[in-house]
Every structure is written in structure tokens, then in C-alpha cells.
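Each in C-alpha cells, the structures are laid out below.
Both complexes shown next keep subunit A, but they swap its partner, so subunit B is in the first and subunit C is in the second.
Now for the complex of A and B:
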């Protein structure tokens, strides 16, 4: 049926529609709509894992204090829903005139791994699969500092074993951090007090930083972390020990929720030999200042130019 | 109904359909009902225990703690002294109740009253003969070459619960650190700087105190060197390792 030339132009197109073409079009549309609906169906489950607010959250450094409050309350809700416990999530800010430095005495360390497990407890790390920030290497006592010669799975009846020394390795919080350089979305950065942090809401999980880190300090959440409710530490910080998501990187953050209120990190407090020392390098009377002034200091993989804030030292 | 109306109707239906899909997309699925707030776990319950391996007499005295454990006669009666049993090697058998007893917490004066000072016996080669009653109970292993095994190098001869320096200055038990400093200068220097020994508390002195330990909080003065300790478990692999790779050469980091 030819279109009626007397009709206005807007009606001409519809007037050209036959019953057959309409039915065909309607069928195609309904199939298409059904396909779209089926394709989007998984998104309806999205609310279980994420929310519109989380999706629309701004970059950490752009959040105003009021917006941060909303974000922290949302994270508290998330944690409560997931773990059945109401945490205190706070956003601790760096202190003025403070730069953290860590020093570890290789003469004293006996490799007891207490620091590893204190860290897991303090920082709400996944128990299954296991995620641990600190790796203790049992190194042959032949003058090498080649990490490849270390053994992380030693399990003798008693430590230390003769012929070995023990070298715990964790994030070195470098001044020239390769991991920060490679992050394509700036989800990891250095804070003014020297702590390299990760925003778990901004990380896209590309694992470039894991590959870039010469100290093997970064861990990836291949699955959603699993932590028993009774083992959750409710004192949480945004950039620190709040539970992580599936598919994001995490690493040592010098126990940001402790150190930014002036306390020692968990690994320092638990070390039975007193090998671990921590403090403010800008304070000339701090323990770490004394160590760097008076002790023989080793920088692991110094030749890479990463300028770590983590020093090994020896008693002389 | 003419064709235009049909078309309009069909378009309206499709529009409504899409609108419904849009609503279904945006609508967040129902959350589980409001959970009753569980009680807050105190962060202290999860805090890392900064305790030391032992409680020394010095710590107990200086902290004003319960020193009743230092006196034997809180449990034993003076009229009926406990029967001491020895094994075939003439080593004293420590009762189960004393299994966690640390020798340094004993009050020497209970057995050795100041009026009756102990006489040390020496073997022909000049080494000290360990009294039979102390065997198996007290290991004198002070100094790598056992050069400091004379009780009176540290303890006062007439009053065993007092210490004295080689120069003759008298020190009480809670000043033991100063006595140690007399020989272990470099370690004392490091300890003063906060480098030697376990610390907990606050790195920021304005925010709070730092907890330091005395020498005898960690070291048994009679055997100061540490024996080994059992390491905490190694990291678990997600999958069992093949037998030939049970001890991989490179660390699995």
C-alpha cells in the first residue's frame, strides 16, 4: 500500500507499516528486550556486592570530610552485613613532622614468625586463602642476601637453626616506589608520612604493582577474603585494615590505625627478641635515628634505587 | 482501531516494557532485614599481647605486684618441711605445681637465712660444685664459657635477696639492670637508647608511654642465653605441592 501523500510527514513512515512488518518488528523487539533483560539479570545481584554509592564514590584525595563520613558509614554497614560485627572505621590522617622508618635487627631475629601472625590478627587478613604481609626467609649463613636463596617454609622443632639467619621481608615503603609508578589508576600512592597506601575501592586489580615490587610485598585477593567473625579486629582504618574486596591488592601499611595515633605497629609489639624497631626519623631522639646513626645498616636490593624506609641492621 | 492507533499502542507497550526493565535494573534487590547490632568487641581483646616470656622478681617488686609467690611458706608449713625427691641421677624432681615456677622468683632467704651464709665448694679444677639441692632446678649458665657461676659475683654474701656490684655497691632486686650494665656495657648502651629488648606502647611519647623491659624481664639471670623457640606455622599453600617440589628453591612469595 503506497503512503498517502496528503498525510503529514511524521505519519508517513508509520502509515507505510504493514501488518507483517509490524509483527516482525514487534517480535524482533521483544526478543531483543528479553535478551537485554537476560543479559542484565546478573546486575540485579549487584546490590549484594556493591551499591550505587560505592560505584559512584569519588577518588580518595577528592573526598571532602563530609563525603568521607558518608563513605566510612557505608563501609561500616558493609562490614556489618558481611561479618556480623559493627566496626569503627576511621580515616586517620598523617601527622605533621613525622616520617616513619622501620629497622630490623638481623642479629637478633630468630625467625619465630610471631610478627607474621600478629599482623594477620591486627590487619584482618584473609585466613582462607591465607594472606600474610610478612614473609620470613630462612637464609643460609654464607654472606648472601639473595632472596632467592631463602626458604619461607622452614618448620623445624626449634628456631634459630645453626647455619642460618632469618630475614623477614615486608613492604619497604620506598621513597622511590616502583609499585606507585606503574599503577594505571593511581589507586596506590605515598602519604606525606612515608606510608605507601592502597585505596581498596579504587584498585582495579591489574596486579602491575605486584609485578613491579622487587620485595614481593604485595598480595592479591584472588577470592573474597574469609575471616571468622570472632577474629575480626573492629578498630579499622580506610587505608589500612578494613576487610578487602575480591580482586584488589593489599600490603603492609605500617598498621596505619595504630601508628597514626602514636602507637607501635603490631609486629613491633609482638617481637619477643626486640628485633623490630619503629619510629619517626625526623625526631633525632627516636630509636630509628639512633640505629641509622650508630649501627651497621643494610638496605635490601639497594642497587635498585628504591630508597626504602625499611632498614636491616646488625649489632656490633 | 486504525493503523496509527495500533502503532501508537505497540510503541507505548514497548516503552512501558523498557521502563519496567530500567526500574528493575536500578532497583536494588531487597537487603536482608535490619540486623540487631551485635555488641562491639573491645579492641583490647584483640590487642597484641605485649607480655614478656617471664615475670622477674625485679618486675614484681618494682610494680608493687603480688610478691606472696616469693615466699615458700604461703603453701608449705614451717613445721613440716616438704619432702624433696630425687631421681636416679640425684636430680631433684620438681612437683607438678612448680612446673611453671621460675627460679628467680624464689626467695633465697627462705632456705638460706642471712645469719647462715652459704659456703661455696670448689672442685679441684677451680669450678664451683653445684649444691645437690639445686641440681635440675637451677642451671647456672651465665656466660658462654661459664665464667660467671659464682653466686656471690652478683648476690650479696650475707643477704641473698640483695645484689652487689663488683665495686661493692649494694643494689636491690629491682635495680638488677644496673648490675647487668656493669659487665654488659654495649648492650646497656643500646638498651638505654631503646634498641635492645622488647618495646610496646607508643612511639610518640606525647601520645602515650612506652613500655620497656628490664634485663631480667626476658633473661633468666642464672641462664641468660635463650634456648630456641617453636616457630609459628609456615604459610600454607593453596594446593598441595608435588613431592619433588616440597622444598622449593625459590621462595613462594
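Now for the complex of A and C:
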């Protein structure tokens, strides 16, 4: 077909040479495909990212006990492969008639951060990059109670420093938890015993819960966690301290693997000043019941209506 | 169905053809997209640690761009509302461009959300029915629904209207008007829901303010139409070609390519009825009157039927052949429509008395029926004829300065409201020495020696205020100034809703820690890649839509010209 002089130039150009433009198009397509392949090259370092079974794993609350057994065995294999140690992973269930409550004595806390270290060790938290559930604020005794004046990076030779008090902050296990409300896939929820947990196999890593939490209690695995084999705690729970994956949220779970078999959380056990109290609020004779009835209590950000199960209290 | 697939195949074919400018633009965007893809592959392997985000500032430029682009997508309605509710004919021609922009913007939104996910492989957990969808509790699940719904609505509207134009038939109102009105409400909802993502967080006083939703809408209706103004001018320029390349000069053509007139016969009218069945309802009596005033013009290839700028009041119906209507703007020429048997041209001037907006010439030996304005008006008393003629009046590629000025009016008002709302918020937060305002203090003045966002904030304020002043001045009736004002307000709003809205919400943290945020290089490359990919999608969609709107890619040339697009 001869070029038509009345067509605009580009039309004239394309009208008569469909074969050449086809070849040109094919060349362009192959260049494009090669470029995309080159662009995706970093994926070769991906290694074993996710297994088919892990990818297809059902939501925690939909797993039958048999399926849970298979999942737990698979997780034990995964941990062994990655960390060279055979763990014992269990799915600890809540006990009937138990609602956990935490009370922290602000008069006594000296800011030694032993709780932070015990928590990291007990809960297989990533050592590189470092993830910690407990933040301790050093706050000035200057007639204010302003967290903006708090310092979380204090590093004096010894504690407590005169003129300061110390306020550890961790997950408050709210009765009205904003993090649970915002999660688009229900990967985080409140257990019947009051513990707010995360299903590390269901979380999609959108970090909406992290934006919602008023206590800065949630942590994200910005990369694959790393823990030296000799530091692994092999007593693991599905909803608690088993090693986490890259790209998922985690948080304080009141040491589910300890507290659901009647032990104290690691932070309570390690505290040298006895500032940390933990127990069953449904038991009128428990230590925490006594504290809430007899001590002056402070609820952090009470105005937000989150109804924490974590209370600060004072001796004097 | 088979026809629709053929339509899609031809659209795809046309998107692969263009001049060197088109290939260079597509190639550059493609290269940037691949660079972004490469950066994302790195992030996928190493995790989000490759970004500047942290536990303290857990959302960054991905979510910032997402928020901005939801606004751009929502603003497509600012073309639809005047066109469909206030029956503004000028904007009617442009609605499809707004819808296509919305499609491209939503594609970018979805890409930005995906790259922000820590576990994109688990996206299926979000699919209602397959995963566990926390609806209606989580605002994010609402966002998933409204964004994907909006994408579907717009894809449907564009796909249907363009297909009808391709098939040269009038779209059935029941099949698209309800969807258009749904999309209007939906557009408001996508941006309100996105605002609620932030507003719903009681622990973040910076966002937990009921004015954020209205501010989102005001800023969207500022940046969105501004974006459309720029896009339309790019389309206008890209669809034109230099007049010097447009064949022989118009004057000289008349001598060699004579238009021959003859009286119109009943047979001519029968031919017209065959390709314009709507005429069948016209009575014999009326047909006779109509014929008496009509003449048939026989035109050879290149013969000119009417000249741009002339004032006469004839309208034309094509009986046979093809007529191309070209509009000359300065040294540029653009094809506004390409009509075949049964279609009309010249009717706008005939009905309004305005000077001819374009020149019509025959692309192949043709015969047209020429009727005076009164005859056309009489014919249009028949509702079916009226409907089809009125509909086809809008089927042209016409981007008038007047339409851009209507959009300018929208931007003007929206910007004033936007600045006013911002002023309200600033007053509330600063007049009281409220501790809740601490993130505002960080953003505006800096806090405890941290002030990474202060320059961003003031740049945004300066851009928005200058743009507002420019939009108020008659100066911006001049397109150069209008473009400058549009660019300023797009950047101003982009900062306002990105670095100025998402980031300061996290600083300081709820327990008072100061950690600042700077996007990493890899993160920036991913953002550039997604923007490039979005613009690539938009360009390709336009490349398909423009020849369809011109009538140059349509069913009539399915066989005769497999790949004959107009200039890009």
C-alpha cells in the first residue's frame, strides 16, 4: 500500500510496513523481557523463602488439633534447619477462670533493665537487628509526668540516678485493643485469658497495628531475625516465643509458654526489686487483686479508653 | 464477546505503534519501571530493612504516595460531576481521560500498598471468602474493598464507552449511567475511607482529628484537576502534528480537487437511512421537505468541504467514503474526528452559529449530503434522531481552552478551601498549648533539635499559597501561568499529604521517643519505578483511547487498515 500523502506523517510511516514494525516490536518485546529478567535477578539470593505448606497454612483459629500437630512438627523442622537445634514447640491453651493482669511498682523500679534482657532471652528475640518488647523510660523528678521528657537511651554507670524515676512500658494487653481492631486479617487477637497474641503465620506485615498502638508495644521484623544457636530457648509456643519470620509483627505475650503452665513471666521472675507483679485478677486472693484494691494506681493514657490490663502503682 | 476480544486486540496493536517521541517516552518509563522492579526485588529478598522505616516511624513514602494517589484517583469525579450532573458539554468530551487517569492512579495505589507489605506472598489472607477478612472492623479492609471496587467501576466505564465508540453505536444509558453515578459516590468514599485509616487511630493525636477527612477531599480536588489540566495539555500537544507536514496547503487544493454538487435524490436519502436507521421513523412527507433543501456533494480525495474559521450554517451527513475533520491551532494540526457513512459533521456550527472549529476534507472519494441548519433542526425534532445526533456531537477529540478554564475554576475553589482548613487546624493546635499538638510543633517548628520535616512543611505552604494566589489572578487564564500554578499545587499537596501528613503522625512516638525518618535510596527507586509504571499505564491507555475517540480506530476499518492509528 503506497503511503497516502494526506495522512499525518506518523500514519504514513506506519501504514506500509507492518512486517518491519512487527519485527521491531518483537525485538522491543525481547529487550523488555530481558530487562525485566535482569531486574528480577536479586531474587536468586532469596533462598528458601516459604514452603508450600507454610504458604497454604490455615488461620490459627481454623486449624483442627490434628492439623495443629502437623503445623507444630513442621515449625520444629523449620527451626532445626535454621538454628541447628531441635526445639519443643507447643500450642499452649488458656486456662479456665484465668484473666491475667500486670502491675508495676513505679516507686520501686530502679531502671536496671534486667527485665529487658530476661525478656529477650526467654522469648527468642532477634539479636541482630535487636528487638525488645520492653522500653524503660528515665523520667525527671521535676514535678511533671511528661513522657516526652523521658529518655529511653539512658546509660549511667549505675542506677537509679538521683532526680529520676523509671517507667518501663510494654504491651498493656488492653481489653479494648486498638491493634486488634485495625488488623485487616485478624492476625492479632485477644485470648480468653486476656493475652493479645499474633499469629506469625497469618500476619501480612501491613504494620497498621503498630500505627494504632498508643503504647509503642509492637515490633516489626524489618528483616529475617537472627539468634545465635547457643542463645535459643528451645521451650517454644506457637503464639509466643518461637522464632519469627521476616516481615511479620511480634509483641509481648506475657510469656505465654510460662504463664499458661502456672509460671511467672521472665520479666517478673528476674526483677531484683520486686516491682513487677503478675497474676489472675479473677482470683480475689491473688497479689494483683490485692494491689488494685489497696494501692494507688495509674493507668497510662486512660483517656484513650483502651482499658489496659497493665497497671502502674505506687507504694507511698 | 468475540467482538470485544477483537476490540481489545486492536487496542493492544495500536498501543505498540507510534512515532519516535512515543517510543522514547515509553522506553524511558519502561526503563524506570524495571529499575524500580529491581529495587523491589532487593527489598523482597532483604526485607523492609532496605527502607528508611523503623518501629518508630513504621510507614513512610510508600503510604505517603498511596495517600496522595488515592486523591488523584478520586478527583476524576471532578470531570464527571460537571459533565453528567450539570450537563457541561465541554467536559463531557474529557470525562474518559479523567476515568483513565483514575484507573492508572488506582493501579499505582495498589502497587504502593503491595510494596509496603512485609509479607506480600500472604496477600490471599486479605481476599474475602478465601482468607480472613476483618470487615467491617478494620478500616484497611474497607480500603481494600473501595479501592478495588473503584478500579472495577472505572475499568468498566472506560471499557464500555470506548467499545461503543469503536462499534460506532450509542451507549445504552442503563448500562453506564447508574455505574457513573455509583462511581461519583464511590470516589468520595475512597478518599474518605483513606482518611479514616488515619483518623480512626485514637493513639495518634496528629491524625485523630475530624478535619482530616474534609482536608483530604479538599486537597484531592485541588491536586487531581490540576493533574488533569496538565495531562490534557500533554494529550493535546501529543495528538497534534506540524501543519507544514499536513499535505498541500488548503487554498491550492480547491482547484485540483473540485467538489461537485448535484441535487439530492430519494435514493440518496435511502442510502442515508440504511446507515443511520434512526431516520427510519421520519415520515415520507418530512423526508420530501428535507430532500428539497439538501444537495449531494461528490468529493475526490483531499477535497475540502468546509474551512476552519468560516461562518456558514450547513451541516453534513456522510453517504459514502470517509471525511476527516482537522483542527488547526497555531502551527499544529490535530484530527478531532473521522466520520464515515451515516455520521455527521459541521453540525456544531450549524446549530450554534459559531465559526467552524475545524476543516473537513475527504480522505477517500466520498459523497456527503449537505443540509442547511433549519433542515437539521427540523429533523432533530424527532427524538431518536435528536438523540443520536446530539450524542455524536460529543464524539470528538476536542480539548478546548474553555474546558481547562472550567477545571481551573474547580482548582481555585478547592485550593482556597484546602488552605482554609489547614489554617483552622494550625490555629486549633497552636493557640492552645495542648500537649496533643506536639507532632504539629515538630512539623512546623522542629522539636528538641529535630527538624527534618520543617523545610518540607514550609515548602508545601509556600507552594500552596503561591498557587492559590496565582489561581485567583486573571494571569492564569494564560496557559503558561496556569501550568506553573498547577505544578506548584501538585507538589504542594504531594508534600502536604505525604511528608507532611503520614510521617509527623509517628514523631514523636506515643511514648515520647524522637526518631526521624528519611527514605532510603532503594525505597526512593521503588517509588520512582511505581510512578513510571503508572504513567506508562496511563500513556498506553491514552494511546488506545485517542484514535477511538477520533473515530480512526473503529469497526469500519477492521479489515481495511489493520494498523493505521493517528499520530500518538
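Definition applied: the second predicted complex is superposed on the first by the 266 of 316 C-alpha atoms of A that agree within 3 Å, B and C clash if a C-alpha of one lies under 4 Å from a C-alpha of the other, contacts with A are read in each partner's own complex, and residues count from 1 in each chain.
Going forward, contacts are C-beta pairs under 8 Å (C-beta built on N, C-alpha and C of every residue); 3 or more make two chains touch, one makes a residue touch a chain.
As the structure is a prediction and not an experimental result, all values here were calculated from the model.
K.L.:
Examine A:38 and indicate which partner it touches, taking first as subunit B and second as subunit C; both and neither are also allowed.
P.N.:
second
K.L.:
Which of the two partners, first being subunit B and second being subunit C, lies in contact with A:97: first, second, both, or neither?
P.N.:
Neither partner.
K.L.:
Looking at A:160 after the superposition, I want to know if it touches subunit B, subunit C, both of them or none. Which is it: first, second, both, neither?
P.N.:
First partner only, subunit B.
K.L.:
For A:216, is the partner it touches subunit B (first), subunit C (second), both, or none of the two (neither)?
P.N.:
Both: A:216 reaches subunit B and subunit C.
K.L.:
Quick check for you: in the superposed arrangement, does A:150 touch first (subunit B), second (subunit C), both or neither?
P.N.:
Touch partners of A:150: subunit B and subunit C.
K.L.:
Who does A:266 touch here: subunit B (first), subunit C (second), both, or neither?
P.N.:
So A:266 only meets subunit B here.
K.L.:
First (subunit B), second (subunit C), both or neither: which does A:184 touch?
P.N.:
Touch partner of A:184: subunit C, not subunit B.
K.L.:
Please work out whether A:192 is in contact with subunit B alone, subunit C alone, both, or neither, and reply first, second, both or neither.
P.N.:
neither
K.L.:
Kindly classify A:135 by the partners it touches after superposition: subunit B alone (first), subunit C alone (second), both, or neither?
P.N.:
both
K.L.:
Quick check on my understanding: which residues of subunit A belong to both its subunit B contact set and its subunit C contact set?
P.N.:
11, 14-15, 36, 40, 43, 45, 129, 135, 137, 147-150, 152, 169, 216
K.L.:
Which of the residues in subunit B end up touching subunit A in this complex?
P.N.:
Against subunit A, subunit B makes touches at 3-4, 6-7, 10, 14, 17-18, 21, 24-25, 28-29, 31-32, 35, 37-38, 40-41, 43, 46, 48-50, 52-53, 190, 193-204, 206-208, 218, 226-236, 238, 247-253.
K.L.:
For a test of understanding, state which residues of subunit A touch subunit B in their complex under the given definition.
P.N.:
11, 14-15, 17, 22, 26, 29-30, 33, 36-37, 40, 43-45, 47-48, 51-52, 80-81, 84-86, 88, 95, 105, 110-114, 116-118, 121-122, 129-130, 132, 135, 137, 147-160, 169, 216, 230-235, 259, 261-264, 266, 268-274, 277-280, 286-287, 290-291, 294-295, 315
K.L.:
Given the complex with subunit A, which residues does subunit C contribute to the contact?
P.N.:
On the subunit C side, the touching residues are 16-19, 23, 30-31, 34-35, 37-38, 41-42, 44-49, 51, 53-56, 58-59, 113, 116-123, 125-126, 131-134, 137-141, 144, 197, 200-204, 241, 245-248, 301-302, 324, 333, 335, 361, 363, 435, 438, 448, 505-506, 508-513, 561-568.
K.L.:
Inside the complex, what are the residues of subunit A that reach subunit C?
P.N.:
Residues 5-11, 13-15, 18, 21, 25, 28, 32, 35-36, 38-43, 45-46, 49-50, 55, 59, 129, 135, 137, 146-150, 152, 169, 178, 181-187, 202-208, 210-216, 218-224, 245-249, 301, 304-306.
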